[in-house]
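If you scroll down you'll find the structure; I have some questions about it.
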Amino acid sequence: MKATVAELAARIGGTVVGDAAQSVTGFAGLSEANAGDISFLANPKYAPLLVSTKATAVLVNAAQTDALVTQIVVKSADFAFAMLMSVYGPQPVPPPAGIHPSAVIGERVQFGADVAIGPFVVIGDGAVIGARTVLYPQVVIGAEATLGDDNVLYPHVTVRERCVLGHRVILQPGAVIGSDGFGYATVEGVHHKIPQVGTVVIEDDVEIGANTAIDRARLAATRIGRGAKLDNLVQIAHNVEVGAGGLIAAQAGIAGSTKLGKFVTLAGQCGISGHLTIGDQVVITGQAGVSKDFGARAVVRGSPAMEFKTAQRNEIAVRRLPETQATVKELRARVAELERKLDALLAEKQAEKSAARPAGA
Amino acid sequence: MKATVAELAARIGGTVVGDAAQSVTGFAGLSEANAGDISFLANPKYAPLLVSTKATAVLVNAAQTDALVTQIVVKSADFAFAMLMSVYGPQPVPPPAGIHPSAVIGERVQFGADVAIGPFVVIGDGAVIGARTVLYPQVVIGAEATLGDDNVLYPHVTVRERCVLGHRVILQPGAVIGSDGFGYATVEGVHHKIPQVGTVVIEDDVEIGANTAIDRARLAATRIGRGAKLDNLVQIAHNVEVGAGGLIAAQAGIAGSTKLGKFVTLAGQCGISGHLTIGDQVVITGQAGVSKDFGARAVVRGSPAMEFKTAQRNEIAVRRLPETQATVKELRARVAELERKLDALLAEKQAEKSAARPAGA
Amino acid sequence: MKATVAELAARIGGTVVGDAAQSVTGFAGLSEANAGDISFLANPKYAPLLVSTKATAVLVNAAQTDALVTQIVVKSADFAFAMLMSVYGPQPVPPPAGIHPSAVIGERVQFGADVAIGPFVVIGDGAVIGARTVLYPQVVIGAEATLGDDNVLYPHVTVRERCVLGHRVILQPGAVIGSDGFGYATVEGVHHKIPQVGTVVIEDDVEIGANTAIDRARLAATRIGRGAKLDNLVQIAHNVEVGAGGLIAAQAGIAGSTKLGKFVTLAGQCGISGHLTIGDQVVITGQAGVSKDFGARAVVRGSPAMEFKTAQRNEIAVRRLPETQATVKELRARVAELERKLDALLAEKQAEKSAARPAGA
């Protein structure tokens, strides 16, 4: 990479505050940057680094007056940095275009233009592979599966039979699409496997993380909506539906037949029980355990999960609980003391009354 | 598929309530069904759909009087539907029978009759592959491993050296059998690897989910009992024993040397510490964290896990805690007020007594 | 194996208590051992087995006076047993030395001496494979990745482009090194992928479990420090740093940019939020959810995680909470009764005063 600050700013529609003529030769985070690097400030937690960074220029969402470094002011520093990197940065190394001679291609497989099929890829009968789609080494595509255009499937991905992927889908290494759902009918102590003959439908612009597993539906389809992004080691059970734009962090899990609305966010290691409905834009925090429906825009926390404010109020209450219990203990003693004193007083009064009453009354 | 309601009912021993002469051509869930489909009602939550479904017939556990659709009454609608699907439904597409020429087969490997070995499968020296067992593309079987009859191993499964699988075992894509247990002896700040030279024994009729990992024992064997079913992304540490008929949902984990009795159920994302004993038919709920033994038929919940009723009682208590703390605060004020009034009264009384006493007494 | 107790003791610097002339022919746990086996006692929970074991000799940390079996006293029974097993025990079966003819090797790949490259391995252009390193079948090494000496990569491991592994690194089956970090810039409802062009650096003597995923950095490197050991199904997000000697149990997860000090221990299923700093020798217990920094040597528990003693105190308080609430209810009644009695008394007193006062006063 070799560009001036001015050229970079022009490409992302940014405004330069500082010396626009400097040369930029690399990308780096604020702490690691050296002279020649461009960096970015997205998380305000790191704002103090604007004073100490050695970067030549920094993308910012708003100009910082105390910064010593040249700034490029943009709407989203994160996004602008990503745009510059996708143009000027290093690129992953796909298999060479064309079909590697070692690949095993079934019958009636259809290829779009310019596919890149790596060594030891196996594609089942009747599968469809869209234009410019890249299959890294050892990807396995089942019979009659359909992949759209511009997909990237990294090594050791499995897409089982009849699953359907849209366009621009990215599957990180080891992701499994279309494994059998976990369904058994238990009769007299024997778990009989329930055939899982549905599929998985992954819509356009979805990314799936490493070693994530998405089960095929019992019937119909498990569905991952357009633009959703799933992190590593996520579990999606049979017949789940993830709405468009969902963000699902690592090690989260969704049990069977649960439906998520649009733009739902699941933080890491949270879990959602089966047969639930979660509204649009719901946010489920880390390790939360959701066992009931939540409506649109709810923010939920805890296990069992409840509205964020309620959960937080309860957590604060628990932190004060030992003190509360000490107070209760103290109050019990004080109440007993009050009872003792009052009873003595009443007894004394009673005695006085008896004494004041004429004898024999 | 093309059968009458009467034919289907006969095959599963069901009783028709409605028009037995209708033709059935497909399978579907109650909501998605169209005319010609057969469906089922297993979860009573969905009973209202019996009125609105477009299915031609529905399998039910008990006839619903208000249903508008033809019903087939059976003992287990789930199981009966599964039976019909396994006969009439679509089937997965195994590799063609025989050994694909690209497979790499070690020395002294024994094959039963009619195996199907897919492309790029690797089988180590001295392994045994039972009759009719199917190895999908890119399965790796280690040296001296033994697989029984009628197994199905999906793509990218690894079975490491010397592990033993019974009959009718199913391994979903990416499952790992026989990885080294997590064992180190730490001496002067260095973690020395403890050799893990035991194996994994998987008994008959077990199914293991996608990307689940089962570690080999340090010595002897990690064991998965007959008929147990494990979901995706489950962790089974070295020397664990899962009893017969166990059901382990996704992302659950069991630490080293823990023994589960028969027909234990682990819900999603629960964890069990090492060196514990869990009795027969114990149920561990979602995200529970078990750190002590539980006897037969216990139902446990929470992290740390305790008996379900105790855990639930505590959860309810916590939900009422903010109110309890408000009450305690109020009581403290009322007790202080009582103390003030009573002290005043006693002081007044004391004063009266003093006044009533003759001067100089 | 065939050795006397004396020979084994000599090799590990142990002291024999009992008959040193006996022959040892195998290894086993205390419960499973038969005559001829050597066993070990590491976890004091199993000390009673020293009386009942059929082993010929047992490694112990301190001689047990009531043991009936020959003992070999060593500093660490665990470590000594491991040493004996690595010398006398069964060994895993690596692919034969040399490069299997089916492997696909890119351009400019450098091999050290005596590598063992299994069937269907794929190595990208410009990669470096150190001396004596073993790649089991179907390992994929990306372009320009560097592996040190004496590494062992089990089947279906993926190491993506440009990642760097030190010496003596072990990767269990299905581990993924260098998947893209989970990073998106959301602009007007669209999640734009942020290029993840950093790498993963794994230092010497690290072991990584089955199906564990370690994401490459956005820039710079995700780093696993020397001698750290990671169990199965662990999630390491982009730009995380695990310090030297870390121990990370199964299904634990660390979110982006968090830094762990040296010798940090993470128990199973715990999670750490992003952008945190965790000090040296911190211990995080099972299922804990860490959402703030902790200094050196902290032991933390719970979700949200807090100091162990505080968390435990709160847990005990919650277990007593239903009883506390009963006490509060009882106190409220007693306070009301006190108020009633005292008010009555005061009213009576007031009445007496009024009566005692002259009429019309």
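Every chain is named by a letter (A, B and C) in the order it is written, and numbering of its residues begins at 1.
Heads up, the rule we're going with is that a contact is a pair of C-beta atoms (placed from the backbone, for glycine too) under 8 Å apart; a residue touches a chain by one contact, two chains touch by 3 or more.
What you see is a predicted model, and the numbers here were worked out from it, not measured in a lab.
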item	value
Copies chain C and chain B - interface residue numbers shared by over half, same or different	different
Rotation angle (°) superposing Cα atoms of chain A on chain B, nearest 5	120
Distance between chain centroids, defined by C-alpha means - chain B, chain C (Å)	23
Touching two or more other chains - residues of chain C	102, 120, 138, 156, 174, 211, 233, 251, 269, 287, 303, 318, 321, 324, 328, 331, 335, 338, 342, 345
Interfacial residue positions of chain C with respect to chain A in the complex	102, 104, 120, 122, 124-125, 138, 140, 142-144, 156, 158, 160-162, 174, 176, 179-180, 182-185, 187, 189-195, 197, 211, 213, 215, 218-220, 233, 235, 237, 239, 251, 253, 255, 269, 271, 273, 275, 287, 289, 291, 303-304, 313-314, 317-318, 320-321, 324, 327-328, 331, 334-335, 338, 341-342, 345
Residue numbers on chain C that touch chain B, as the complex places them	27-29, 32, 43, 45, 75-76, 78-79, 81-83, 85-86, 89-90, 92-93, 100, 102, 118-120, 136-138, 154-156, 170, 172-174, 207, 209-211, 227, 229, 231-233, 245, 247, 249-251, 263, 268-269, 286-287, 303, 315, 318-319, 321-322, 324-325, 328, 331-332, 335, 338-339, 342, 345-346, 349
